[in-house]
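Here you go, one structure.
Residue numbering begins at 1 within each chain, and the chains themselves are lettered A, B, C, D and E in the order written.
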Amino acid sequence: MNDFVLGHYNYWMFIGLMMIGFYAMMAKKNLIKKIIGMNIFQSAIILFYISTSAKRGGVSVPILEHAAGGHGSHGVDVAHYANPLPHVLMLTAIVVMVATLGVAVAVTLLIYKRYKTIEEDEILMKIKEGSSAPKELVDVRSQKDSIKLRTNIEYRTRNVEL
Amino acid sequence: MIRESQDVIVKTLARLLVPFIVIYALYVVMHGHHSPGGGFQGGVILAASFVLLAISQGLDKIRQRLSEKTAGILSSLGVLIYAGIGLLCLLLGGKYLDYGKLSKLLPVEPAQARSLGILGVEIGVALAVMAVMCLIVFTIFSFDEDSGGDE
Amino acid sequence: MIIPFDIILILFIFICAIAAITVKDLLSAVMILGAYSFFMCLLWTQMAAVDVAFTEASVSASIGTVLLIGAVYKTKRRSKD
Amino acid sequence: MEVTLLVEATENAFRILGDARKHAEGIIDSALELTSEETRHHEAKRIQEIFTGAQKRKTAFQNFIGTAVILYAFWVLLSGQFDAFHLTLGAICCIVVAYLYHDLLFANTRVGDMRVVAWRFITYIPWLMVQILMSNLHVASLVLRRKMPINPQVLTFKTKLETDISCVALANSITLTPGTITMDIRDGVFYVHALSKKVADELQTGAMEDRVAHIFMEADHLYVQDVLDAANIYAALRT
Amino acid sequence: MKIFSLISAVVVGVALIYGTMDMPEWGDPNSPASTHVSPYYLEHSIEHAATPNVVTTVLADYRGYDTLGETTVIFTAGIAVVLLLRKRRKTGGEDDE
């Protein structure tokens, strides 16, 4: 049992961090907190992949020694280097992570400009009331149907903001 | 909107540090073969140098060095370099992104040609990443003034 | 690899992650997230993934933090939860 | 040390004064021959140019060359690979960066004094190390006592330094020395937080400021200003 | 709501822990991830591309398509941010205000 816990400790770490991020994404009302939770979630996934690439017992980084020494494919001891494949996959994932972060921040700024708040419950309340929308934007026909009103406002918003 | 910093220490040290940061970023890009690094990291460090300049000198002065239009052109140029190298290999009779065929153009053997192809690709990636990161940061930091100014 | 060092790093990572989602000052949360990224980067260096660690240090800890600071600067600094 | 500095500086000043007088005499003599007011005004401008020549900024091309050389040294230090391919890459990178950023590294420096500044800066570092060691011991002795006899205070003083870079060097030297921290520089006034009376007094003597001024040749610069004034008076007396 | 989130997070965590029962141990050199293609990359990197850093070789050469698509993703993200946040100056005009 002890062996099992110690031998799999990278999985426990990844699961714990992922739970933290997941909880933050669901329970926190603040949009920036949600973005932070998403960041933690993504790093946890990346940690999982990287930990599968590690090898026990004094492995080196995947940069081959005697670099300029010609075509020596025979001299490479594979067990001596870490597995480079998950590194490559996760390297691209990290950069994509920042790209998604940029888009998320952009959407957050647009939401703030529209509703003057980044708390989720207040945004939902304002959407339900329809009060924050300027009068001329609200379609008169759908005043009573809040769902229709909501889609309508969103549609109008997109028209105005973008 | 980032205004020019009032602090003389920040201004002077940013002025002194930025050329070295840029050289370090280029070193990271060019030496991706022998050491950790490559296009993504180098491009992001380049973007960070621009952010440091923006903090110290204000966003308006940075727009003279790297306007948003130039950044857009550079980002598409980076992707174009990448795809163009792949297409060049295709035209030289290999498969797409098969850099070994570049040895027909360059006076080196195929393994070295692949190394050079990797270098070209990394430069393209660095350009694209640098321009896109600068674009995102500048756009976010000039958001209000950009869209609320003339309303 | 070095077990005590690993344990300290994991402890710091968990502290930073929990602090980043509980602190009510959003700027502090963003800075703690940057610290979290750096500890993560140390852990990956420990696992012999230097390229990924370098990418994390340059990409996530610098530009990501700058982007989030921009978001906090353009919106509100206080959070309700 | 101080005396030799003073003597050296005075000698420099006298030499510059002599040169300036010679220049001024020649120009004023030639100016007196041409009686028109217009040319006299022009000649006065030339006098100004000659005397301010010592402070003339470097040209863009000189900046470019200097930046490229320094950056190339940095590149070689980083790279550590001396085959032709990497060196050529480094040269290309350095030229591009120096072309883009030639106005950053050498703003506000005067012609021909970079080597002197670098040498004086290197000789300044051991002195700073000794200062740091001394105040380290002092602060350690303060905080290790049971009663902790600290006396925190903020002291402000107006500096005689003129360029940005010397202000930054002084501020960072003050911050590096334990017990004192530069909080702000505003319009040439330093706001320094000092931990105890002793470090504050040491700072007030201005030894560090004098040394920094010596590094960046601010003192020489003052002498040039004096010579300029003297020459102006001389010219006024002659006419 | 918070209780519900907590419960679902814990449920997901328990499910993942159940899933990791069969995973290889940490640092196992013979795990499936380390035995399939990565030995090929490690052995042939210098021979094929004269590049000691295997990560760079795999990133830009063996898996070049991947990186090309990923660069395109970043480019698209940049365009998306600009389109979201930048105001159109010339087109549109009146009905935008």
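Here is the rule we use: contacts are C-beta pairs under 8 Å (C-beta built on N, C-alpha and C of every residue); 3 or more make two chains touch, one makes a residue touch a chain.
If you're wondering where the values come from, they're calculated on a predicted model, not measured in any experiment.
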{"item": "Separation of chain D from chain C in steps, with touching chains one step apart", "value": "2"}
{"item": "Centroid comparison with chain B (C-alpha atoms), farthest chain", "value": "D"}
{"item": "Pair of chains joined by more contacts [C-beta pairs], A-C or B-D", "value": "A-C"}
{"item": "Chain whose average C-alpha position is farthest from chain A's own", "value": "D"}
{"item": "Centre-most chain [mean C-alpha coordinates]", "value": "B"}
{"item": "Length of the line joining the C-alpha centres of chain B and chain E, rounded to whole Å", "value": "20"}
{"item": "Whole-Å gap separating chain A and chain B, where each centre is the average of the chain's CA atoms", "value": "24"}
{"item": "Inter-chain centre distance, chain A versus chain D - centres from mean C-alpha coordinates, in Å", "value": "49"}
{"item": "Multi-partner residues of chain A (at least 2 other chains)", "value": "16, 23, 27, 51, 53-55, 61-63, 67, 71, 86-87, 91-92, 94-95, 98-99, 102, 105-106, 109"}
{"item": "Where chain C touches two or more other chains at once, by residue number", "value": "50-51, 55, 59, 63, 67, 70-71, 74"}
{"item": "Contacts with two or more other chains, residues of chain E listed in rising order", "value": "46-47, 52-53, 55-56, 59, 67, 74, 77-78, 81, 85"}
{"item": "Contacting residues of chain A [partner chain C, same complex]", "value": "13, 16-17, 20-21, 23-24, 27-30, 32-33, 35-37, 39-40, 43, 46-47, 50-51, 53-55, 58-63, 82, 86-87, 90-91, 94-95, 97-98, 101-102, 105, 108-109, 112, 117-119"}
{"item": "Chain B - residues contacting chain E, complex", "value": "32-36, 38-39, 68, 72, 75-76, 78-79, 82-83, 86, 96-97, 99, 111-112, 114-115, 117-118, 121-122, 124-125, 128-129, 131-133, 135-136, 139-140, 143, 146-147, 151"}
{"item": "Sites on chain E touched by chain B in the complex", "value": "46-53, 55-57, 59-61, 64-65, 67-68, 71-72, 74-75, 77-78, 81-82, 85-87, 97"}
{"item": "Chain B residues touching chain C - in the complex, by the definition given at the top", "value": "36-38, 40-41, 44-45, 47-48, 51, 133, 136-137, 140-141, 143-144"}
{"item": "Of chain D, residues touching chain B in the complex", "value": "67, 71, 74-75, 78-79, 81, 86, 89-90, 93-94, 97-98, 100-101, 104-105, 107, 164-165, 167-168, 171-172, 182, 184-186"}
